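Here come two complexes built around chain A, the first alongside chain B, the second alongside chain C.
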Partner chain A sequence: MSTAGTTGTTPVIQATELSRWYGIVMGLNNISFEIGPGLTGLVGPNGAGKSTLIKIITGQLQPSDGELTVFGARPWNNPDVLRGIGFCPEEDALPDRLQARTWLRGLALLAGIVPGTVPGHVDAILDCVKLERVHWDKPLAQFSKGMRQRVKLAQALIHNPRLLVLDEPMNGLDPMGRQDIQRILKQLAAEGTAVLISSHILHELEALCPEILILNWGRVIASGSQLALQRRLQGTEANLHIKCSDPARLTRVLFKADLLLGFNDTGDDGGLDLRVKDPHRFSECFVDLLTENNLALHELRSRDRSLQDIFEKMTE
Partner chain B sequence: MAQIDSTYTHRDGETRGIGYRRWVIAQATLHACLEVRGMKKIVWTCWIFALMQGIFLFTFGQLLDPTSAVFEFITEFLGAFKGIATPFQLLANDNPRIAIGMTYNLFFYFFSGYILSTLTLTLLALGMAIPRLITSDLSSRAITIYSSKAVSRLDYCLGKFGGVLLLMTLTWLGPLVATWLMGNLLAPKLSFFWHTAPALLHSLMFVVPGMIFLGLLALGVSAVSKSPRMATVLWLGALLMGTVLSRIGVESEHTELQYLSFWFDLELLQNWVFDLTGDFKELDEKFPIITNLKLVQILNERLGETAKNVPVAVGFLSLLAAGAVTVLIKKVKPE
Partner chain C sequence: MNQTLTNLTGALRGMWTLVWAQRCTKRALVWMAVAAGVMALLMLRTINHGSERNWLEWVSWFYLHFLVPLTCLNVCGSMMRAEVQANTLSFLTTRPHHRHTLFFLQYLCHVGWLQLVFFVCTMGLFALGAVKGAEGLGKLLPLFLITQFLAVLAWSALSALLGLLHQRFMIIGILYWLVVEFGLGQVEVSNINQLSILRQLHTLLAQNELVYTVFGSWPNDAPFMAMLVLLVATFFFLAAGAALFTFREYLPSHEAGQ
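Up next, the complex of A and B:
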């Protein structure tokens, strides 16, 4: 599934007929897609192939067939590419006996950062992920789950990557922590870093990622902007919530115009949940219908604008 | 989807090369090993060994010089000693290759790898360090993070290997070279450097391949298990089991069992490198009175027997090293 652009631009990640199998089990099945800068959400049920894809992107697995390039080159065994990638794994991958700052300094040196600049750089990153200074020189074994998540994010950012790959980065974070991480990721994306986030917390991805890649059974079943995906789904029907001056009359009008599949009266407040047929025609006619029938509209909102709905419909 | 546009402004900054990053891994590995409880004591003990050996060589050098203060001091209290030392001093004048060169070769044979030597302490140090080599990265899963950085698995392993070599340099090679330097810098004549160079060369020819082999083996054992305790047990088990099997091999008809001990194999390699039998042969031609000594005869006989089996020992050591490399290839990866 390619939505490649045209005019002299290069995708950060490009997969072409990419497959990866483990024995007879297909992890990824002949998928093609492109990911550019900005925030992209990677969504899929367990076993969809998300982890396999992430491992291939971060150079930890080799494709069985096809090709995946990051910055135009294959990441497998390619330090030049890996230098531009930051990876925050899902698992708790921290050496407990080391202190946060010591470990990050080591990783900064490992990334090839000039030794003289390492201490200041590490302190700045720890500030950036909002790990309180009092914890910087404590062994990682003493850290809470949320603090460990911040250190994991810090290690991914330590070498100023151009592509940040995060596997369930919000796990274990409190609401404040989630907000902090979201803010950091938005900032990075605004500065030109491509951020790929795999998460099960779909409502957070919805708020964070304008672009979505949905995997299921090792295949890409949808990719593109949330808006585009919603429009695709809305080609058949849409669920709306409406409050107006005369709900009963509105339903009659909509049935008569052959725009309504069903409705549900939600209470005495004049609210209606509507299942609308042909959303595109509905949006064209709706205002005229209200005007012609002297109906006052108090509230109109979509009930299936959530990523959860897109995900559920796509994976049905 | 969105594409990279002209406003893309990521700054890469200056970075160091892969050689430096391997060095960082090696340093971190050494640092982690030295943090193990008791490790610094072992390192200190190795250097105390070196100091004692240095004092011994200094004394030996001084005794070869009839004008030295040490010689005069000893003979003042122990007049009979003069009777033993004087012929040796004459020998050192006439045949320095035998009096100095061969003696140093014999000393360094013992210094570099006998039961009470820095090799024994090195094997102990490696046993203690093994959980900190690769096991800890596997158990904490930090290997996942390291493998996503700009270092390949080969770079990671080379860095770790460098760390083990640094540790063995502190416990084995370093003390040995320091001993040689002390013995020569404090010797009565500068010509000692020349005469004792073969002893140093033999030591390096044994110790450096030994370090490479032990380093690979330690890394392999460290990569076998995610459990630090299991890795240590495996190392000590291999060491003890090998020693027991080797003893059984010596005492029974099944001599092939001897080679199952890498310690025994290293000893054979050492015998071959130092070539003491060659020294004894040369000595026998000139001074049969020395080679007729019972102790020298026993040593000569034993060394002569083992020297012919060196290819088997080297073959077994190579097999073990290949096994260790295979383990590294299979195990050093994120999952």
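Up next, the complex of A and C:
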């Protein structure tokens, strides 16, 4: 069983020997995994089965074999489960003749929000996704791609779901828009919402999702925290770039603590490339070491494999 | 129970908001006004003054036999299918309702819209009849409205089912109309003609003296049975449609394969 973000918590999504065929074409092939609260990235090349999986999670498709549960129950034709799910599809398809506010009001009522509170609720959610008020009563056909993405996100959030499923939510957004969406998603995750994001923009998933589920050819080929996946790929050491007030002293301290395998002075102002021996122990005692030795830290970043590297390695 | 009812009324309001906003656009209203104007003009030009027969032939053959079922087929046949083809169905099916509930809500809202439109059309037709000096229309109006109400329920339920069955629901609907309504419905030697919705409508309308005089061949026995048949047919078509929507997946990618 692959797990993503479920350490010590009840899984939000649980798949057991899940398969889905389209005629003779295999969409998902006997996969088992768990997804917990927090932000989880769903990664895979085209045809990997991401959309099929998302459609099963959101109750639009039924499994051909095996089982998938969300909040402990099957989502297909199950209002109790669907009440907790918000879905933002990849497709840029909206009812173009409707105005944004009218559409959201209709969907909010359908989602079971008390009629009297719907207008306020809709306005709040449109503010939350930062759609300018001047566009609220315009037909969706007049919206730019970025504005459409914001409205799609708004409809997914309108009933305060416990699980938010987003298929390529950053498509068509400018950098500011991406930042806005990332901020919203991080906030939701911090408030306890489980967020599953499928995206091709790997560096954004890397920055956003601590947990990753990688699909290829309808199978789960890796899942878990990015850190764990990185460790799996490169053993028990980590490569870091550090800038601090006294690089020579820092290396001495780290050697003494038996945390350093090697280093390289990068020549820039206080810059060091470090090969750290035990990343887990390093992360636990690094701050204490800095404090005890009165060292000021200016920069710290990983030089290890990015999500792109993990993805490429895993899908080779 | 109360909570369920509150949820359902809220959902009905939500669906009505969406259906109303999509149907009641300026463009759609202009098209309907133009179509109604053309029809009114044609009627004014072709109906002889004081001829109830002329007026009834228009209302019966063109309006009730052709325009009403075709409009129901177009509107209710596409109520789910258009969402599938536009790839917007997921916005509905991911809401917290059983799939059969969503189907019924869509049906109710679309039928509500059609009843409104046809009510206005009928009032216009009867007003035109009065302008043309047709007599006895006041007596016919309540019966015609009841008949039309039941006709729209049944035609719409059938259309909704056909829309779920196949993306070429218009062709299937027209074939059904030709085979069952104008084929089986005309068979006089067997009870198989009871399958025809039009035959039930004829039975109801023939309770009116003027209609029975003009269309002497229409049956006028057992009007309550005709009403019951129309309601049972509506229920049957709706149950079949709801079952189909509950168990079958509808995705745009499936459309090409149909």
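Please note the rule applied: the second predicted complex is superposed on the first by the 239 of 316 C-alpha atoms of A that agree within 3 Å, B and C clash if a C-alpha of one lies under 4 Å from a C-alpha of the other, contacts with A are read in each partner's own complex, and residues count from 1 in each chain.
We take it that contacts are C-beta pairs under 8 Å (C-beta built on N, C-alpha and C of every residue); 3 or more make two chains touch, one makes a residue touch a chain.
In this text, all values refer to a predicted model and were calculated from it rather than measured experimentally.
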Clash or fit, chain B versus chain C on superposed chain A: clash
Which superposed partner A:E91 touches (first chain B, second chain C, both, neither): both
Chain B versus chain C as contact partner of A:I113, first or second or both or neither: both
Partner chain in contact with A:G146 - chain B first, chain C second, else both or neither: neither
Contacts of A:Q60 with chain B and chain C, given as first, second, both or neither: both
First, second, both or neither for A:S223, with chain B first and chain C second: first
Winner by number of chain A residues touched, once chain B and chain C are compared: B
First (chain B), second (chain C), both or neither touched by A:Q99: second
Touched partner set for A:G177, first chain B, second chain C, both or neither: neither
Contacts of A:G27 with chain B and chain C, given as first, second, both or neither: neither
Which superposed partner A:G49 touches (first chain B, second chain C, both, neither): neither
Doubly contacted chain A residues - partners chain C and chain B: 55, 58-60, 77, 79-80, 82-83, 85, 87, 89, 91, 93-95, 97, 106-107, 109-114, 155, 159
Chain B contact footprint on chain A (complex, rising order): 3-5, 9-12, 33-38, 40, 55, 58-60, 77, 79-80, 82-85, 87, 89, 91-97, 106-107, 109-114, 152, 155, 159-160, 162, 191-193, 210-211, 223-225
Complex contact set, residues of chain C against chain A: 7, 10-11, 13-15, 17-18, 21-22, 25, 86-88, 90-99, 246, 249, 251
Chain A partner contacts - residues on chain B that touch it in the complex: 1-5, 7-18, 20-21, 24-25, 28, 136-137, 140-152, 155, 333-334
Sites on chain A touched by chain C in the complex: 55, 58-62, 77, 79-80, 82-83, 85-87, 89, 91, 93-95, 97-99, 102-103, 105-115, 155, 159
